[in-house]
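Residue numbering begins at 1 within each chain, and the chains themselves are lettered A, B, C and D in the order written.
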Amino acid sequence: MKKLINKPENYVDEVLQGMTAAHPETYKIDGATRRMLRRPTAIAGKVGVISGGGFGHLPVFAGYIGDGLLDACAVGDVFASPDMNPMLEAIQFADQGKGVLCVVGNYGGDRMNFDMACEMAEMDDITATKVIVSDDVAAAGPEEAEKRRGVAGFVFVTKIAGAAAAAGRSLEEVAAAAQSAADNVRSIGVALSSCTVPQAGKPTFDIADDEMEIGMGIHGEPGVRRGRLRPVDEVADEMIDMLLADKPVKNGARIAVLINGLGATPIEELYLLFRRAKQRFETAGAVIAFHRVGNFATSMEMAGASISILHLDDDLETLLKAHAACPFWRN
Amino acid sequence: MALTTETLKLAIEKIHSKITPIGDEMNSLDGKLGDGDLGVTLVNGFNNLNGIKDDLPEDTGMALFAMAKSVTAVSGSSFGTLLATALMAAGKNAKGQRAIAWSDIGTPLQAAQDAMIARGGANLGDKTMLDVMDAIIAAVTDIDDPDRLRTAAIKATIQTVEEFRNKPNKIGRARVYADKSIGMDDPGMMALLRLLECL
Amino acid sequence: MKKLINKPENYVDEVLQGMTAAHPETYKIDGATRRMLRRPTAIAGKVGVISGGGFGHLPVFAGYIGDGLLDACAVGDVFASPDMNPMLEAIQFADQGKGVLCVVGNYGGDRMNFDMACEMAEMDDITATKVIVSDDVAAAGPEEAEKRRGVAGFVFVTKIAGAAAAAGRSLEEVAAAAQSAADNVRSIGVALSSCTVPQAGKPTFDIADDEMEIGMGIHGEPGVRRGRLRPVDEVADEMIDMLLADKPVKNGARIAVLINGLGATPIEELYLLFRRAKQRFETAGAVIAFHRVGNFATSMEMAGASISILHLDDDLETLLKAHAACPFWRN
Amino acid sequence: MALTTETLKLAIEKIHSKITPIGDEMNSLDGKLGDGDLGVTLVNGFNNLNGIKDDLPEDTGMALFAMAKSVTAVSGSSFGTLLATALMAAGKNAKGQRAIAWSDIGTPLQAAQDAMIARGGANLGDKTMLDVMDAIIAAVTDIDDPDRLRTAAIKATIQTVEEFRNKPNKIGRARVYADKSIGMDDPGMMALLRLLECL
């Protein structure tokens, strides 16, 4: 295991300490088990937006606490759902009387715990609802879309939810906007190398020096095809074909594109992916109304990348472009 | 004879005294198909329960509810979440009762089972602890002696484990390795067996 | 070689195409050989600030074109100096009658070519001067400080130079501010894995699975010590000891700190480095007046990190905090 | 007899016709201690020179200057930069002359050498092509026959290569491998030898 870390059992907590030391104006550690991260002061008069999930995906999840983004976030161990208590604490912090939306990746543990937390919150007379992000087209066919994992599409859904809340919308409206984003986002990844869970100490999966796996999940879940690494244009084409087959773009359709590095992929290579993706989406007739290239949803030292496409309507586009600011995102 | 807060306290004590070897066994079993944390979940969960067992309220429903709350600290794993869910549902079901007749034990168990199905989204037949729960509920209904109850539950559990051994896992982490899971016992099922054996 | 690229010989040009496709409002490809990157339109009435160097270090060099940063940049092949022609083109573009400052990393080829380019510019009646960044304390002792390589400290020097130019200062003043930054910045790196030059096709150096090299250069130049990988706090301590031994901090001294990932190191680990660095610098009596944590000067897929410290005075602090904006930097 | 633009053109032609095998040899020599691009630099450089050789101005100084400009396209490598620097300095030195007497050739060569030292920051003795240049300048001074001149230059070059073989490189990429460089010929020195042999 080749990591710049101290004891594996302290990994998550020490990273959180580093984050708050670096960005005290943005993040504050809270909660009985110190696993709830939140903004320093709650913003009154708006719907709260929170999230939570396993660690090792920075900026996902907790990194997206910020203006026009999340108010608080529950932090689990590496690749493991937080328990429901920090989720409940996040809900309690974020609630300002207008209710709380939880943006949740489609993983069993995360879903179940957010369910429990929302139930518990109800006992405190807090209305908390959930929007599930399940954007990974590799994880299941369109007929089983609800079984898809949540991957980098989380970023778009969070951005939309945060902007809707910041705009003063009601919980119902915020949830509807976030749900619309979740319904209209699709992602697909490609992995070139494994990550290592600190407590496990060895790579999560093996992959040969000349292999890639299209559709692999951000924890190393099996993808749709493992094969020889090919030129980036061909890799991009295979990925984009899957995205467009799953939800085609009409001529003139406006889309947002996220080219996301999984953690160990040089930014140079992400620009090569964007270069091809732009050609392909535009050839398909789409207009890229918004795009980002960088590391937005990672798997520690996993090499690889993902492409996300969000099919926009006017409201989604407005919300996506609305002001937001955190150390990892700004518009 | 009936289930009371005192029974719950004794059960926690018994399980807690044997949880370390059970934890080791379950970690390695879970490690074969999953992430190897089932034992950690059990050990931490029963450590927490042991810490609150002397403060459990006399209302059996409220006692179950308190147990649920203390188990939520291990709800980061599926088993922990489902255990908390089950305890909470059983607690709601039994609320207001100081004792539950052994012959009525099927009622809160069924409530727990329903809640776990609703929360976890698994179906019967997916090779999870739900299949064991289902067999237990069927086996214990109308028995009003705790020893016979225990024997019947263990027998039902063992039968279910054997029945599912050669079927594939259809949910949770193990689903990814559905083929590999054929011929292997489901860790969650085995965990329930070991817990029952403690009683 | 495990890279998401097309043909190695097209690597640099295609990445530049991706960058300009992603950020057309910031970057424009220009020059006879398409190896001069520049802002879309020159800013009249200020001193020009440019740079140039080998490729494979994004955002260094060309990524830092932006407001309050660089006006233009010459782009070489991977780890190879550009020839003098794109440098001259960058100077010609950036010159608005007030002269041009070239911020140059201390590598033989870069220096020599910028010398030639400045000489040539003089024939066009353009005054162009050079500031050399040589911040790597591992590369030579303090008595041979002029032999030190330029590494991540480049980012601070560029920021200072860009801010001084944006503030309307004269070429002499801009050069003096940049020189002051260069004189007061120190860096040290640690490498955990090698990068691969696309055209070479295999890793630049070998390093065992449990080894690290303190002080290794961003092209794989030998460092000061190779040894077993240790906990990040100890690695940070060794690095910071070297930085402080080279130029101690007085009690109450104000400093800027850059925790920089080399390309393949997860952001989580960079926060662990910052966590320790903050403790150490503050224990030494310094006040961290400015800091950044992220990938600012990379070596493609090299794993590892560097720590840079800039010893501030009032002017440097003001310039460092002045407005700047590019896709990789903003204040 | 004297050096004119015509002489330069002929020299370019001769070298260009043999540059491919020289390039291969220099790439592999440079690859042992450096980045293996010296041959690429030479091939590209002389391709460029070959492309402009028919358009060289008659003023020898201006011709050298034009050659310098066309070589700057390979100035990404040290050898290319130094070659461009040398040609530029020699050009400045010879500016206004239609011919340089062979016996005066040392003057522009010295100007070139000085400029390379100033630009590259290396010292004599660092085991670079500068050491060869120095030997050549000393050897050719006052010889006014081009054949004898060529022979003297080659002889001086070979002697210098041999003299430095067992010394370490002290500058450039090879410095990093100073120890390894002992016993090996410096690629830049060898490149000058091969170029001279073409004439």
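Everything below uses one rule, namely that contacts are C-beta pairs under 8 Å (C-beta built on N, C-alpha and C of every residue); 3 or more make two chains touch, one makes a residue touch a chain.
Keep in mind it's a predicted model, so treat the numbers as computed, not measured.
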If a chain touches subunit A and subunit C alike, it appears here: none
Greatest separation from subunit C - chain, by CA centre: B
Subunit C-subunit D separation of Cα centroids, rounded to whole Å: 33
Centre-to-centre distance between subunit D and subunit B (centres being mean Cα positions), rounded to whole Å: 84
Subunit B and subunit C: spacing of chain centres that average the CA atoms, whole Å: 58
Junction residues of subunit A - those touching two or more other chains: none
Subunit B, residues touching no fewer than two other chains: none
Pairwise chain contacts under the document criterion: A-B, A-C, C-D
Of subunit A, residues touching subunit C in the complex: 2-7, 11, 14-15, 17-19, 21-22, 55-56, 58-59, 190, 192-193, 209-210, 229, 231-233, 235, 263-275, 278, 291, 293, 295, 298, 300-301, 303-305, 330
Partner subunit B, residues of subunit A touching it in the complex: 33, 76-77, 79-85, 108-109, 111-113, 115-116, 221-222
Residues of subunit D defined as touching subunit C within the complex: 35, 37, 72-78, 80-82, 84-85, 88, 119-121, 171-172, 176
